[in-house]
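Notes follow the structure.
Should a chain be cited, it is by its letter among A, B, C and D, assigned in written order, with residues numbered from 1 in that chain.
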Amino acid sequence: MQPAATLVALLHGPDQPGIVARTAGWIFARQGNILHADQHRDMEAGEFFQRIEWVPAGAEPGEEAAEFRAFALSLGMAARVAVSTHRARGALFVSREDHCFHDLALRSQAGEFAGDFACVISNHPDLGEVARHYGLAFHHVPVTVATKADAEKQQLEILRAAGAEFVVLARYMQVLSGDFLEKAGQPVINIHHSFLPAFAGGKPYHQAHARGVKLIGATAHYATGVLDDGPIIQQDVVRVTHRHSVEDLVRKGRDLEKLVLAQALRWHLDNRVLVYGNKTVVFD
Amino acid sequence: MQPAATLVALLHGPDQPGIVARTAGWIFARQGNILHADQHRDMEAGEFFQRIEWVPAGAEPGEEAAEFRAFALSLGMAARVAVSTHRARGALFVSREDHCFHDLALRSQAGEFAGDFACVISNHPDLGEVARHYGLAFHHVPVTVATKADAEKQQLEILRAAGAEFVVLARYMQVLSGDFLEKAGQPVINIHHSFLPAFAGGKPYHQAHARGVKLIGATAHYATGVLDDGPIIQQDVVRVTHRHSVEDLVRKGRDLEKLVLAQALRWHLDNRVLVYGNKTVVFD
Amino acid sequence: MQPAATLVALLHGPDQPGIVARTAGWIFARQGNILHADQHRDMEAGEFFQRIEWVPAGAEPGEEAAEFRAFALSLGMAARVAVSTHRARGALFVSREDHCFHDLALRSQAGEFAGDFACVISNHPDLGEVARHYGLAFHHVPVTVATKADAEKQQLEILRAAGAEFVVLARYMQVLSGDFLEKAGQPVINIHHSFLPAFAGGKPYHQAHARGVKLIGATAHYATGVLDDGPIIQQDVVRVTHRHSVEDLVRKGRDLEKLVLAQALRWHLDNRVLVYGNKTVVFD
Amino acid sequence: MQPAATLVALLHGPDQPGIVARTAGWIFARQGNILHADQHRDMEAGEFFQRIEWVPAGAEPGEEAAEFRAFALSLGMAARVAVSTHRARGALFVSREDHCFHDLALRSQAGEFAGDFACVISNHPDLGEVARHYGLAFHHVPVTVATKADAEKQQLEILRAAGAEFVVLARYMQVLSGDFLEKAGQPVINIHHSFLPAFAGGKPYHQAHARGVKLIGATAHYATGVLDDGPIIQQDVVRVTHRHSVEDLVRKGRDLEKLVLAQALRWHLDNRVLVYGNKTVVFD
């Protein structure tokens, strides 16, 4: 017997009295059973945020999802509602560095994610064979300064053909244009190998080594048109000393990057991340 | 203008459909405004836990608190309801080690706690002067094997006279009897200087050093009749190496103990900790 | 051009005046250049420990290694001397859980270790195909209560044939007998999925969940005849809450186990770990 | 009986063959007994660093210290040599925030530091009484834009009169001029309440909150003429979520600041910190 389908709503909008009772009441009136409900108020901004997960009673889940969105709208709230039986499909962008790629592919095989990788896109052919070994379709899309616009067009076509609902940049060493991000129209999760906002831009481990920091970090964030500046989902750090060379930082950083990116993706696919302004609310 | 009084309810009992909607609905029906609501389900045990904080509309807060307790009871739930304007008063038990004592007293002065220390009780006179410097009543109650029962009687009287609603054992080096804990009838928070359940009992840093562990820990827990076995509220660890002597472990451990005990007490006084069985739910 | 061969000596014995100057002087007298030297004194035990790495001037490295061992012996010290050009070969024991296996195999491919896996031994056939995919010889040696002695004989033969100088138990779910450990005569590194000495034995995540701890851990240690009691090389922990089920602990634990075991093996192969009594000195 | 005086040398200079053997040999030749020796090579810069601690045999420690400095100089090395029986005296600069002040004063009382606070200097009178309670001389030196130069003159006189060999800025909310730092001629340790180089300058917790980071940090560094840019001694971070307001960040940050500053000062007074370029080597 399959587990019952659940609905997960992420909603936010202007705070108002009784909002918690209203959403719970709406679900209760339809005999739904709330499994989890978590909310947050940004007191300064007067903004309300909620993640609520429930088992709908009788209705077809997709229908109740649509009805809930309409209900939220009537309260002045924006809502995203996911049905648990739907597994989101995503695209994995890689270059030559393979540690995040292997890590995500193996976690996917182990069933750690509530979604699946539909395809792998790379500007280098190197990871084609291992991608296929993992059973993942591999697309080699070379990128040069001259061909970047064309390459992005090709990438967008692959995303559409694959029905990609999310994109993960697993140490993809190219900057995607604001135009690409807009046309993709789907969340793009990037891993930056530093504790942002420190050491944005290129060669962050070299920057960190030169500055003599005692901790190095990694940051998973949604990509925006501004490089390394999008809403942060997860960060972590690890201790380093004067004994560590840039190469040691790179090696230690790989473990950080794997953990931080995998955690960010897991939260994203569990519908736990709400973006507002340039920040995130993570209902973990 | 003072901030409005809020009510914080901690309730738990057998899980049942619609419970989230019911509690929210009860408050909404009285025009209360829910500020925070957090719940947890123990799926195996079929148990439901909730912390809910709201601004009552018109009613006298104490009355609404009593009514909510009755309402929870009618749902088969046990509920504790606190009024934010009430600052709980507690007793601090100390011996000679003063780091947790200073730390708690200074945090109390800095306004970090939602309660106050009404008195200090010690089996040694050493900290009397500094206690008075912090403006705290100090009671010296010597304890020997022969006088322990009498000493506990005296301590209970001090607790009653001070109206103590909680007790903190800030490196109090005596074991309180099960009889004392029962008669005190108030939560007693202890700090144990190890990562429980490893190294329970005496001289845990010596034990840790002898075993050659690479991390040492501290554990804040509610005291029960069984030594070092009560429900754990908070734990933390710090890295050590072969270079650290027992004395270094003691020094490093002091910082851990301060942080872990202060965090546990803050959560307790914010009504964030629910005990069930031998475990805690911490709504942080 | 290859990097020059270096020698790494790990020595320990009764502390004595001038010991640091003597070892440095011995190397200097042979025109060797010391790259790293780190020492430790256990003041209580009166024991001296040193790791010293140098570039030998003219002599054949293997010869100078033997001479250094003799020199150390003349000082009453036990010494292990490794030549950097020699890559130790080891055996990987696995069962069905594959996360540590994949992690070690991928790190090995990425060049993170100063040694290589010569073969994989498992009591289940499941990981045979992936092992071969990584280019590793796979040996299926079933183990039952009745056949355990025979199975260990077979395993010892595989170790000898492979020239194994170390063994890694990567979540190998069988207890090796004291007799096996003695006959193997090589260091055996195990990963235990708890913060030892807490939760030794079977099902540690279940034990941790039942006790309500706020941190779970993993411990890499050398295996001895006493279960889960050997010298600890590395430990780490991760925070958990009441929200985490046993399954969540298992998932979070996998990441810990991978990191802790890989770090322990890296230190071991870099000749950074000295065992004495039931403890380790890790020159990191 | 007092413990024997030890000498601690921190030396650095161009790397050269045999340097480890030479320093050890120099000490051995005078019958000194080396307790600890730790060295580091910056391979890129070709620089050698060493911390070496020994018990001198017969000579007056101050004399042997001077001789060692001369010896180091003859090797082209700069050396600082401290005698363990000398307790360095320092000045504590504070403003109104008192958490680091209390923390340092209490640690000093508990004997955690190998030096002492000779005086407290503040631009506000608020902490005068508690300073005196700790037995510390308190100097109120008001600072305005107009009087800053005069105030610094006055502060320098206090430092000289007190024989201050180090300065700690314990959340002193004024920027010291490059001129002051030069004339003071002693190491000045500052605590910055962010993970530098992120959020340098004013109101770092507000900056961190606005950026939506998931970790906040604190950094202890030597002050230089460039604001928040000196050599980093120690850093640490703590996890925050969207639930934490700026006030929560401030509160959580206080604990970080205390730990990081105390650790940096302990290392400094134990002669474990060597500055070169804009970085530190910390022999911990």
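Simple rule for what comes next: a contact is a pair of C-beta atoms (placed from the backbone, for glycine too) under 8 Å apart; a residue touches a chain by one contact, two chains touch by 3 or more.
None of the values given here were measured: they were computed from a predicted structure.
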item: Number of steps on the shortest touching-chain route linking chain A and chain C; value: 1
item: Farthest chain relative to chain D (centres taken as mean CA coordinates); value: A
item: Pair with more cross-chain C-beta pairs in contact, given B-D and A-D; value: A-D
item: Between chain B and chain D, centroid-to-centroid distance (C-alpha), Å; value: 37
item: CA centroid of chain A to CA centroid of chain D, Å; value: 42
item: Touch-based graph of the chains, sorted into line, ring, star, complete or other; value: complete
item: For the chain C and chain A complex, residues of the former touching the latter; value: 99, 102, 106, 110, 112, 133, 251, 255, 259
item: Complex contacts: residues of chain A adjacent to chain B; value: 17-22, 24-25, 27-28, 31, 33-39, 41
item: Contact footprint of chain B on chain C as seen in their complex; value: 40, 42-43, 49, 195-199, 211-215, 217, 231-237, 241-243, 245, 277-282, 284
